[in-house]
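Structures follow.
Two complexes, one shared chain (subunit A), two partners (subunit B, subunit C).
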Partner chain A sequence: MKFDRKFDRSVVSAYVILTPLALLMLVPLVFMFTTSVKTLGDILSLEFQWIPQRLALENFQRVVEVMPFTRYLYNTASIVAMTFLVQSVTISLAAYAFARLRFAGRDLLFFLFLVQLMIPATSIIIPNYQTIRAFGILNTRLAVGMVYFASAYGTFLMRQAFRAIPRDLEDTAKLDGCNGLRVIQHVLLPLTKPSLVAFAFVSGTFHWNNFFWPLLVTDTARARTLTVGLAMLTQATESTPEITITMAAAVMITAPLFILFILFQKPFIESFAGAGALKG
Partner chain B sequence: MKVRRLIPYLYVLPAFVFLFLFTYYPAGFALFRSFFHWNTSFIQPEFAGLFNYRQLLQSRRFWQVVSNTVIYSLSFIGASTILALFLAVQINKIKRAGSFYKATFFYPTMIPMAAAAMIWMFMYLPDYGLINAYLRRYGMSSVNWLNDRNIALFSVTMVGIWKYTGYYMLLFLAGLRNVPDELMDAAMIEGANGRQRLFKIILPLISSHLFFILIIAIINALEAVDQIYIMTQGGPSNSTNLIVYFIYQQGFRFWDMGTASALTAMLIVSLLLIVSFLFATLGKKVYYEV
Partner chain C sequence: MLKKVSLICLILLMAGIAAWAGGRGEQAETGTVYLRFYYPVGVAGDHARIMEGMVRDFNASQDEVFVEAIFSGGYRETMERAQTAYLSGNAPEVAVLDAPATYDLIEMGAIVPLDQYIEAEGGDAYISRFLDGFMEIARLEGQTWSIPFQRSTPLFYYNKDHFRAAGLDPDAPPRNWDEVAQYSSVLADHFGNDGRWPIQIPINFWLLKPMVLQAGGTLESDDGRSVSIDTAEMREAFGYMLDLVDQGYMAPIRQWAPSVSDFIAGSVSMLYNSTGSLGHIERSADFDVGTGFLPTQQRQVVIEGGGNFFIFDTDERRQQAAWEFVTWMTNAENAARWSIESGYVAVREDSYSLPEYEQHVERNPNAITAFNQLQSVEVERNFMTYQQAQLAELLNEVKEDILGGANIDTTLREAQSRADTILARFQR
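Entry: the complex of A and B
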């Protein structure tokens, strides 16, 4: 039996504590939306207005005029897709070996994979920039995605998922003459789709939002991503009034992911919470 | 037979090639190049011994960056993890609308740091910004959030806390699933107060999550750079310059790759030392459920 009476007070206090904090948390989001539809007049009034005089939807039109938005969108989407596709191949293969095969040095290799988690990509921008330059692929979409083609997190996630699948299934497949590759493709991956989807959410979010590395290796619209384009926008137009257009651009680059997040809230949140399984 | 023994390595190979090329080789390369003069006055890199390190250790700017990074990291890690644990415990209590609160605290994870930095930069504007507008409304004087060298680091830290707390909260919530309701009920009946329940029951049961979140937070703190690039460029008077931004400045603004490499090497070694130290000390005490 539950001691609901005792809990009542603490449940009510939880709501009382959480509600104002949640509203506070939302302020930057609301600020972004409301500023994106303001006019200069609204901005320049010293009294802050949450609701603009009129909806200045022309701000969004202006964004498309001052930056090659569709090009950036295409670049970003293709980098996200390319990175995830290559990652899903590299991590599935490595995860299969770590989960199922025996070979000398396996644990050491797996340890080397895990150490990658401790070395964030932004800490090694200098040598990675040199490598990308030596390859002659500066200012390409490949340069933006390539450094992330191996994912320690993804390898770990898929290894855990593969290990949870009973071996009997594979043994049957092997008797039918399937080799490792076909076992991964026809037995393991179909059964571990939720893990791969979870990884897609995490990887996709990271690469959609990634900023510093794409900033360094791109210098024209050819390979620039949306986040880099956003930063360029404020550098091109330094006067304060342009904040309406910058916020309109911020809404536009955030919207695709944000809409996905609202539609698929539960799987999104669970995918990120899944990172909590990564311990020990 | 021999060929068959090689097959497992072929599976690992594609991932390993990229892992080596873009993590281990660059870490080693940075260490190697840190012993070279490699800047605009040298056509070819030239061996310099410990010159780059000596130069850095003697520069006030370097120590200021170290101090900024330590202050940023400690306040970011402390505030975001404590707040995240607090939110998780509260959300765990409620039965309705839990997913609304979860989404509300978590959504900043979905916003690119570049966009978040823009939003906060405009909220911080001295004259037209949201925050000062409210300060003025309640009769307080305006604050120069990003241009006052005593405040700018704090202002930048707030962005990090806002962006990451919801994510850590989510990880704590996953941990709190390990705390059985019955145990909390029993503790309440026995008269354990809130603090006892937190320190004697909740924290020990989620210690492996806590440990993991701490390590993620340390990495998130040390890799922070997007918001610095967008909001302050390390200023005013170097007061918000954090280690990764400093590496970027040395490498891409002053084209001093030798110094930038020395900084990179120091950052990676510190990261690995901190994490190994934590594993060796706290990691052993952590309670792992089977």
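Entry: the complex of A and C
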């Protein structure tokens, strides 16, 4: 720990500023949760109620009636896991090449890789759709994840992390007889775990929340995701959405992410706080 | 050596994932025609389930055609999905889409005209069973492009209990703009304006167009290639709303969904909205709900909205099968069933004389107001142009800006030039 034992002024002022901000961020979540257990009468009453009069747990029951929730949950979880698994292989190999190997045009290639970050995903939807169709895998979970198997952001993140590791460590490993792949596996990856965890969160959240692409390439419940199910409740442009049920669905859909975050909070925050593995 | 083994392992891992997550969609048995049917959800409730139930019944009713019902998001996502699929050579055979998208679908060459199928079904004798107001949007450039399915119209809602309390006749909603102002003044006197408003007209182009028509104007040309925003009639429509705002009778800016909640909560006594909200309002309101025709001005006119069936350009066999599906979904019994379960207006006249529909109206007298309105006033089509989604959004912005206090002249002028730019490439 860098901080002195006693509270110095900067820590106090950080708390003063961050506590209200944290509370502010909590408001929508609290609102989502309380609304999900309210009755329609509660939310429409002229007096705003923070605490519902009774727990309207039937809202959750209704969500399960409207969509095949467990199937969607299974699909979403497996797509997120599959995508991250493949990504972690592709990005660490690519990052190693960009960070350590010397070859002609490396920097230009890396630059092109970064340019990819600036292309909005929506603009390449049609070519992507055609590719998926040519593979004959429309309406599968693979179709949802496949177009994300390579990640410019992840490659960038891992390249920076690899570069921060002294070459000496690698050379030592090489002296012990490790080749490139085993260096990545046994030296680089263990030391850059926080970066990988951070990427897991970014990738996982993105794919958990992704809506339009899964909607586009899937037809039936066998490959559809939770967000598509949520849309069945929210797209009521010709009338009015049933807010309580929508919020109940939102709670059910975000809950797994919350739980994961709480479980992996420490490595996640460490990775962003820049506490590199070498320190620990 | 080790390198190669690792590489092979990696490839096997990827292939394994592909095999596990991949696989083919179920194939319908040979001989039957397999149709993919994209549909949007436009109203709250068990919409998707009702739709899937009907499609299942269709599949069970015969064995030549098998339809897969594919939920595709809201109207906008369903249109985008159909466009993407069509451009990639994978168009669905049939879809319910927002009717004003017709121009854009024709421009892409995605859909086929239905006249030959209608002819085979009996021509005018067949098509005249659909309510006239709903057929207008389906006919363009001398051809019929779609069949009405989930249709709605703007409707005027009012709180009968509030009317009684304020001494107004609960069975006589205001008939024109002047009466709306008078009624508002009576309601405001009685209830005060402590967080309550006599009337609400939410921000939406779909409620703006009928007001422009009622003032005697037009919004877009018949060919969908030009829009008139900077007009005297547009000013008149805004004059009506701005008066209500200035008098303190109406909150200046309220969006669609909250306006319905306000009405249900009793903080608004009169509301412009859609027939699509009727079910939700009747289920949720703890007061006596009244419905009436949209208050008029010079001209007695209303518009329609909602989705129609479109058949995509595939091949003769599949188009014919899609047509059979569409005629089944829109026959008198099913149009009635869809209306009763979803809350949309039934699209056929012969649905209204079915015993189950008569019982439905007996239980829900407000369900017939929309039908009466469509029969007794002129019906014009929904706002329909090329680039419709973009222009509709522009109109929403105009309404929000002006009611929010922006200068009406500059706002309308700027909006007009933006609309002209959007439509520039469609000028002949």
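The rule is short, and it goes like this: the second predicted complex is superposed on the first by the 206 of 280 C-alpha atoms of A that agree within 3 Å, B and C clash if a C-alpha of one lies under 4 Å from a C-alpha of the other, contacts with A are read in each partner's own complex, and residues count from 1 in each chain.
Quick note on the criterion: a residue touches a chain if its C-beta (ideal position, glycine included) is under 8 Å from a C-beta of that chain, and two chains touch if they have at least 3 such contacts.
The model shown is predicted, which means the values in this text are computed figures rather than measured ones.
Novice: Counting only touches as set out at the top, which of subunit B and subunit C does A:T220 meet: first, second, both, neither?
Specialist: So A:T220 only meets subunit C here.
Novice: In the overlay, answer first, second, both or neither for which of subunit B and subunit C A:F212 touches.
Specialist: both
Novice: In the overlay, answer first, second, both or neither for which of subunit B and subunit C A:A161 touches.
Specialist: In the superposition, A:A161 contacts neither subunit B nor subunit C.
Novice: Looking at subunit A, which partner touches more of its residues: subunit C or subunit B?
Specialist: Looking at subunit B versus subunit C, the one contacting more residues of subunit A is B.
Novice: Thinking of the overlay built on chain A, is A:V89 touched by subunit B (first), by subunit C (second), by both, or by neither?
Specialist: both
Novice: Does the superposition put A:L138 against subunit B (first), subunit C (second), both, or neither?
Specialist: In the superposition, A:L138 contacts subunit C only.
Novice: Of the two partner chains, subunit B (first) and subunit C (second), which one does A:I126 touch, if any: first, second, both, or neither?
Specialist: both
Novice: With the two structures laid over each other on chain A, which partner does A:L29 touch: subunit B (first), subunit C (second), both, or neither?
Specialist: first
Novice: Who does A:A231 touch here: subunit B (first), subunit C (second), both, or neither?
Specialist: The answer is both, since A:A231 touches subunit B and subunit C.
Novice: Have a look at where A:V63 lands relative to subunit B and subunit C in the superposition and call it first, second, both or neither.
Specialist: After superposing on A, A:V63 lies clear of both subunit B and subunit C.
Novice: Report, in rising order, the residues of subunit A that make contact with subunit B in one complex and with subunit C in the other.
Specialist: On subunit A, the residues that contact subunit B in one structure and subunit C in the other are 43-44, 46, 89, 125-126, 129-130, 180, 212, 215-216, 228, 231, 240, 243.
Novice: Note which residues of subunit A are touching subunit C in the complex, please.
Specialist: So the residues of subunit A in touch with subunit C come to 40-41, 43-46, 65-67, 78-79, 82, 85-86, 89, 125-126, 129-130, 133, 136-142, 145, 179-182, 212, 215-216, 219-220, 222, 228, 231-233, 235-243.
Novice: Give every residue of subunit A touching subunit B within the complex, in rising order.
Specialist: On the subunit A side, the touching residues are 2-3, 6-7, 10-11, 14-15, 17-18, 21-22, 25-29, 31-32, 35, 43-44, 46-48, 89-91, 93-94, 96-98, 101-103, 106, 109, 112-113, 115-131, 146-152, 155, 180, 205, 208-212, 215-216, 226-228, 230-231, 234, 240, 243, 246-247, 250, 253-254, 257-258, 261, 265-266, 268-269, 272-273, 275-280.
Novice: Which positions of subunit C touch subunit A when the two form their complex?
Specialist: On the subunit C side, the touching residues are 2-3, 6, 10, 13-14, 17-18, 21-25, 36, 40-49, 68, 70-75, 77, 80-81, 84-85, 87-90, 150, 152, 195, 256-257, 260-261, 264-267, 274, 276-277, 279-280, 284, 286, 305-306, 343.
Novice: In the complex of these two chains, what residues of subunit B are touching subunit A?
Specialist: 5, 7-9, 11-12, 14-19, 21-27, 29-30, 33, 87, 90-91, 93-95, 99-116, 118-120, 122-123, 125, 127-128, 130, 133-134, 136-137, 162, 166-167, 170-171, 173-175, 181, 185, 188-189, 208-209, 211-212, 215-216, 219, 222-223, 225-226, 229-230, 244, 247-248, 251-252, 257, 260-261, 264, 267-268, 271-272, 275, 288
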